[in-house]
Structure formats: structure tokens, C-alpha cells
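Given below, in the form of C-alpha cells, are the structures.
The following pair of complexes shares a single chain, subunit A, combined with subunit B in the former and subunit C in the latter.
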Partner chain A sequence: MSALGAIFTRELRLAFAGGGGPAGPAAFNLAALALAPLAIGPDAETLQAAGPGVIAFAALLATLQPAERIFSEDASDGTLELYALSPVGLALSVFMKTLAFILAVFWTTPLLAFVGGLAYGMDVTSAFVLALGLGFAAPGLAFIAAFAGALAAGLKRAGLLIALIAAPLQVPLLVFAAGAGRAAMDGTGLEGPNLMMALAGSLAALALAPFGAAAALKARLE
Partner chain B sequence: MWSYFANPERFDRLARALLPWCWGVAAALFAIGLPWALYFSPGDYQQSDTVRIMYVHVPAAWLAMFAYAGLGGASFVYFIWRHNLADLAARAIAPAGAVFAFICLATGALWGRPMWGAWWVWDARLTSMLVLFLLYLGYMALRGAIEDEKLSARAGAILAMAGLINLPIIKFSVDWWNTLHQGASVFRFDGPTIDPSQLWPLAIMALGFTVLYLAFVLTQMRAMIMERRAEALERRRERRLELEAEL
Partner chain C sequence: MSTAAFSPSPISVSGLRLERGGKTLLTGFSLDVQPGEALVLLGPNGSGKTTLLRAMGGLVRPAEGEISLDPQSVAFLGHADALKASETVEQSLRFWAGLYGGDVTTLDPVMVDMALAHLARRTCGTLSAGQKRRTALARIALSNRPVWLLDEPAAPLDARSRARLASLVRQHCEAGGIVIAATHVDLGWAGARVEDLRPAPTRTAAGVG
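Right, the complex of A and B next:
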């Protein structure tokens, strides 16, 4: 357990010391939210209707942004070799590392979703449901992005590759998180099931993605 | 059985024996199926002649999905048993599957314009086919980006298996999201709801597409085996020239 704790605290410290904590992805998320209305137009009704979708999509893009650096540095300075040799095993190490990274970086996602929802003209309850949905979905989205990051670590144009690999796999989480917000807004009564599906998808990604990422990293080490 | 044909030499002999049959049977099926589907079969009472697009559209859709199952299966075999041929199969299947997905999307758009009044609608089936197309593109991009052949094979296999696990979830989520496309009318529990006069040409076209796909994949695999052999010969020749120069 202490080994896992050490990985966890190391990753937290790294995220805040060198990576600036949530600053990068949060700024990216915010910029996407601020630019979308400029493209869509100022019509209040259109913006409100597009709100949940645009906000969920901005959150998805923000998870892709730091995916490249999650593993590339650890792959180049030998940390991953140590993780692979440790009694904990690579899959569990990868899980702990990514979890710490997500907690450090993506705790802003629900907050931004809530504020964004209000700014796009959603009522408070719907904005809260959307924020909850993205709070459920964000860890799963980030784990899928991390899996793609593990596959592309150290390659040329890794960022492009990560987006192309991760985006299709992230579709279900996007559908359910945005769907929860829309259902709350339209009063269809489907926000409950949408939230549950977002959480289920996220937990499934949490359970499976570390094994995929560990297998990809192991292939690189051999 | 896997291991018996895992030998490239043996596989090559098998493929060489099978290939003329594949091409021949595909040509024969298309010779019957194309005129039947495009000319002799009756038009639909609502869609008239546009229904003929279906004879290309539906087999392409089936094969795009079937090929992804093949890609996932070959990747699994490669990942567990490390048979090189399984990796060659995966590499050969991916572009074929991507092309079928693209044909499905393109013919669907051509059909949608007169029937639904739009080239594209954000319907569940269309969208999941588009996502499948993206999965193929991502797989090929990843394979292309990694120079080391072993690493490329293993990373590709991991991605293909992840896609295979995720595909039903994507399908479900997109179905939940929106559905306008007509339901299944051939593979149903209560038997097909499509008339035999259209079912038969459809079946022949589907079979023709499948055999054509097999022929493509086998030809591509043979080409890759020969490419490898040529590279090995080239290396050996270079080494001999170096040795001679030293002497």
C-alpha cells in the first residue's frame, strides 16, 4: 500500500510543481467555452439549446490536451521501468498514477461546467445536473485519453494521434454526460438514467484502461 | 491448427491455391448479382429505383462490421500467441474494412438525399458507422506512426482489442441518443421482412462482397510476406557485398 501511496503523492506533487496543476486544461476548457458562442452567435435560445453539448465537448477536449505528457516523461527518464519492476505491477501503478493526475488536474471540470451552464442560460438545476454528469464522466474520459497517451507516448505528432485514437472511444461518455444536462433542461425525466450510464461508463474505463495502458507501456519497455 | 498455418511458407501455398478460386467466385457472384440487383429485381413501391443502392450499401455495412471483428480477432491471436501472420492479417484487414465503411457512408448519403431529403442525418446507425470508420482510421494512423515493427504490431493489437470491447457500448449509447434509421429487416427473430425477389439478389451481392474481401485480404497478406522476404534478401545481398569489399 505504501508503494501505491508513494506513486500517488509523487504524481500529485509533479502535477502541481511542474505541470501547474489544473491550470493548463482548465484554461483550455474555458477558452473553448468562451469561443463557442462567438462561433454560434449571440441568440440566447440557440445558446441555451447548445449549452450542454458545447460544455461537455469542451470538457472532452480538455482531457485530450494533457494526455501526451502523462506517460512520455516517465517513459523517457526510466520511471516506468521502476514501476514495471516494482511488486505492485505496472497496471496498478498506472492506475494510481493516472488517478492522482486526474484528481489534481480535472477537479475543475464540474465547476467549469456549472459556471458555463449558467453563462449559456441554463437554469440552476440543469446546470448542476450537467456538472454532476461531467463530474462522473471526466475520470473515464481522462482514463481513455491516458490509454491513448500510453499508446502514442514518445511518437512524433503524438497529440494528433491521441485525439484520433481516443475520440471514438470517448463517444459513450460524451453522449451520457451531455444527455443528462439536456434531459434536465428539457424535462424529459431521463437525467437519472443518463447520469447512471455516465458513471457506469466512467467506472468501466477506470477498471479497463489501466490494463490497456500498462500493456502498451510494457510493449515499449521490452 | 493456428500453428500449422502460422508458418508463412505453408500459408503462402494455401493462399496461392485459394486465391484464384476467391477471385473467380467473386467475379461469378457479381456477374449474377449485379445485373439482378441493379436491373432485373423489382423496384420498391415507395422508393422505386433508389432501393437498388441498398444492394451495395447493406453488404458494405455488414462487411465493415465483420472486418472489425476480424481485426479484433486477429489482434487477439497476435497478442496471445505472437503469430506474425495474425499481425499481417490485422494489417491487411484494416484498410479493407475502412474502405467498406466509407462505401457504406457514401452510398448511404446518396440514398438519404432523395429519401430523407438530406445527405446526412445524425441518426444512431449512421453515427455509429462513422465512429467505426474513425476507429479504423485511428488504428491505421497508429500503425503508420510507429516505425518499430514489433512495437507497432503490439500497440495496434491493444488498440484494436480496446475498440472491440468498446464497440457494443458505442452502439448502445448512440442508439440511446437518437434513432431514425429503419430497423433490421433481414436478421430478425421472426424471419426476414424483405421480399424474396429482393432478398435473393441481396444475398448474392453480400456473398460476392465477402469473397471479394477475402481475396483482397489474402492478396495483401501475400504481398506483405513477399515484401518481407525481398527485404531479407536485400539485406543479405548488402552484407555479402560488404564482405567482398573487405576481402
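Right, the complex of A and C next:
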């Protein structure tokens, strides 16, 4: 349907032009990756062991960073009303918007995970598996963050609410994405199941979160 | 200008009670609007004009009563203009016209009508309040929807733009469309019916405190 394509293209353009695309969350992610070793200490073995966890965790934090602004502007400038009254409806509009936002903002996540993995001393294959795991998990992490952002849109202390709502829901994705990298590194042969679980978690979030977000935004309109 | 003739069903509102923030704004409100009619809802701030418009657009559920109006026939203009700072006037109009199934070929004449032609490539973030409002009104005109719900459509407009708005409304009504505008000022629309909304009399002491 071309209307969905039009929403996707427009929101992609707005995410790049208005929101600066991936710059903010990527910088946040990178800063977390660069600072963690200073706290962990210089021991190469420890850093390598901590690598998958730290990298997956940094990616998770980066998805929370822009959650507040995904819908706050649309809620205050009247865009949500127009989407709600359009033939596409609010739920599908929110779905396409979130999809475009995630693509625009989080395409760097697997790249950062790969480079980060190498920097933390992981071998190329393990770093690649970790990057793949985060590539699978990132859309789910971001969809959950977007859902929390929709619930908190326009509220005071939205940031606090977003962290409280999103973080527990993101746990499985964090566990399996980091688990895939660790399994590849330790040679346990469990990277396949971990990757599958990360992907399954992402697909579940993709199927549920947009409708939750739309319902939250609809309630906010009233 | 859109020459498509509209034939919406008459709008009928009956026994409506609207609440906002636990306070009753309107009770027992009824209204009938025929195709081709322009209606001005006049009332002071806080009298429930905006909530009434939002209820008619299906954006707010009324506490009681019936509204016979399909939200899919509505073009809605709220307080905010729904413009994005980084989008140009033309991009915005083209997107919404396309999404609402409007006729994109009438984009140029509508922009001329609303004195936007010279602003087509400007990003909406650089527009004045009046220019933003004119852009939002052009979006309404391009939406190909028979029922226009306009909330304070003329607030930031100068005299000439108000005249442009009045002529836009007249053309829409002549094509069989319905225009319902909420305002606290005189819009100067010749032939428009005026409905005065009084503040709700049922205000409890607890509600005021």
C-alpha cells in the first residue's frame, strides 16, 4: 500500500533531518563503550570476558536515549490527530513511523557492536556473531523503547517512566544478544539458539509494541 | 480549487455531554448541520469548543450522547498546525494530500489561493505563525474531505488572510461541504450560522476549588 510507503519515507526523512539520524544514540553508545574499560580496568582477559555484556548493555542504553522524542513532538504539534483521522489509522501510522525511526537511528548498532567487539579483544567471528545478535535484538529493543516513549509522551519525568517501563521488557533481548556473542567466544556452540531467541524476541516486540504504542497515544489524545 | 462536489450526510449531535479533566463542559447539547452549511461555534475560553470539535472528529469519546459523523469524512485543524520544522511547505502539503486521498494536481492553485506559492520551498520552521496557519488551511483544502472541523482557524491571520479563509470556506460550502469552526472572535463569514456555547452551568463547588 503506497500510503504506508509514503509515511515510512516521510518519517525516515524527518528522523534524519529533524532528529539528526543516528548521531545522538550512536555517540551515546560509543561513549559507553569507551568509558566502560576505564571502570573495569586494563586487564585484557577481563575486558574480553566482559565484552559481549558491556556492548549489548551499551546498545540497550542507546535505545532508551531517544525514546522520549519519538512521539513527543507528534503529540504536541497535532500530527497524531492527523494520522488518527487518515485512512491508514493511528496504529499502522505509528508502526510505520517507528519502523522508519528505528532504521534511521539504529542502523549503526551492529556496526558499533562489531567494532566494539574487536576493540574489547574478541575474535572476528565472535564479534560478528555479537553484531548479528544485536542486529536481531536492536529493532526489538527500540520497539519496546518506543512503546515506553508513547506511554510517557508529553508527561513530566518521561525519561524516568521510559526507563522503568522499557528496561524490564528489554531483559530477554539483552540476555540473548549478549549470550550469542559469549557463546561464540567460549565455543559452547549455543550461539545459534541465542541468535534465534534474540530474533524471536524482536519479532514479538515488533508485532505487539506498535499497537501498544498506538493505544497509549490514542488514550493520550482523549 | 477543488471542484469535486461533496454530498456528506447531515451531521446530527444529540444529548451530548462532554467532560474534560473531570469537569463537565457541555450537557444536553444538540446540533444539526446540513450539507453546504457553515457553522461557527462561538464561546469564551474554556466553554468546550475545542473538546466539542475533537469529539465530533472522534478524537474524544463523549461522556454521553450521540454524534453521527464518520471520522473518515473529517479534515481536522487543531490548535497546532502539525507542521515539521525541517519539512518544506510543499513537502508537507503533498504528503498530507496524498495520505488523505486528496487531489495533488490542485496543489498549485490552492497554494496560490492561500498566498503560499512564494513559500513553497521554505521549511516550516522558518514560517511566521500566520504563514503556518495558512499552510495548515491549505492542507485542509487539499484533503478532499467533506467535513472541515476548524479550531480557531483565524487566530494568527491578518485581515487579508481572513478574507482568503472566508472565501475558501464559501467555496467548500458551495461544493456541498460542511464547515464547523470554533472561535472566540468574529470570523466575518457571510451566511454562516452561529451557535453560542455558554459555559456549563453545572459547576460544583468541589470542581472550582
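Assume the second predicted complex is superposed on the first by the 222 of 222 C-alpha atoms of A that agree within 3 Å, B and C clash if a C-alpha of one lies under 4 Å from a C-alpha of the other, contacts with A are read in each partner's own complex, and residues count from 1 in each chain.
By our rule, a residue touches a chain if its C-beta (ideal position, glycine included) is under 8 Å from a C-beta of that chain, and two chains touch if they have at least 3 such contacts.
These numbers come from a predicted model, not from an experiment.
When both complexes are overlaid on chain A, the residue A:S76 reaches subunit C alone and has no touch with subunit B. Of the two partner chains, neither subunit B nor subunit C is touched by A:A131. By the touch criterion defined above, A:P87 lies against subunit C but remains apart from subunit B after alignment on the C-alpha atoms of chain A. Residue contacts after overlaying the shared chain place A:R10 against subunit C, while subunit B stays out of touching range.
In the superposed model, A:L221 makes contact with subunit C only, not with subunit B.
The touching residues of subunit C, when paired with subunit A in their complex, are 54, 57-61, 71-72, 74-76, 78-87, 91, 95-96, 98-101. Contact residues of subunit A toward subunit B in the complex are 147, 151-152, 155-157, 160-161, 164-165, 167-169, 171-172, 175-176, 179, 197, 201, 204, 208, 212, 215-216, 219-220. Those residues of subunit A that touch subunit C in the shared complex are 3, 6-7, 10, 13-14, 17-18, 73, 76-79, 81-82, 84-88, 221-222.
Touching subunit A in their complex are the following residues of subunit B: 131-132, 134-135, 137-138, 141-142, 145-146, 150-151, 154-155, 158-159, 161-163, 165-166, 169-170, 172-174, 176-177.
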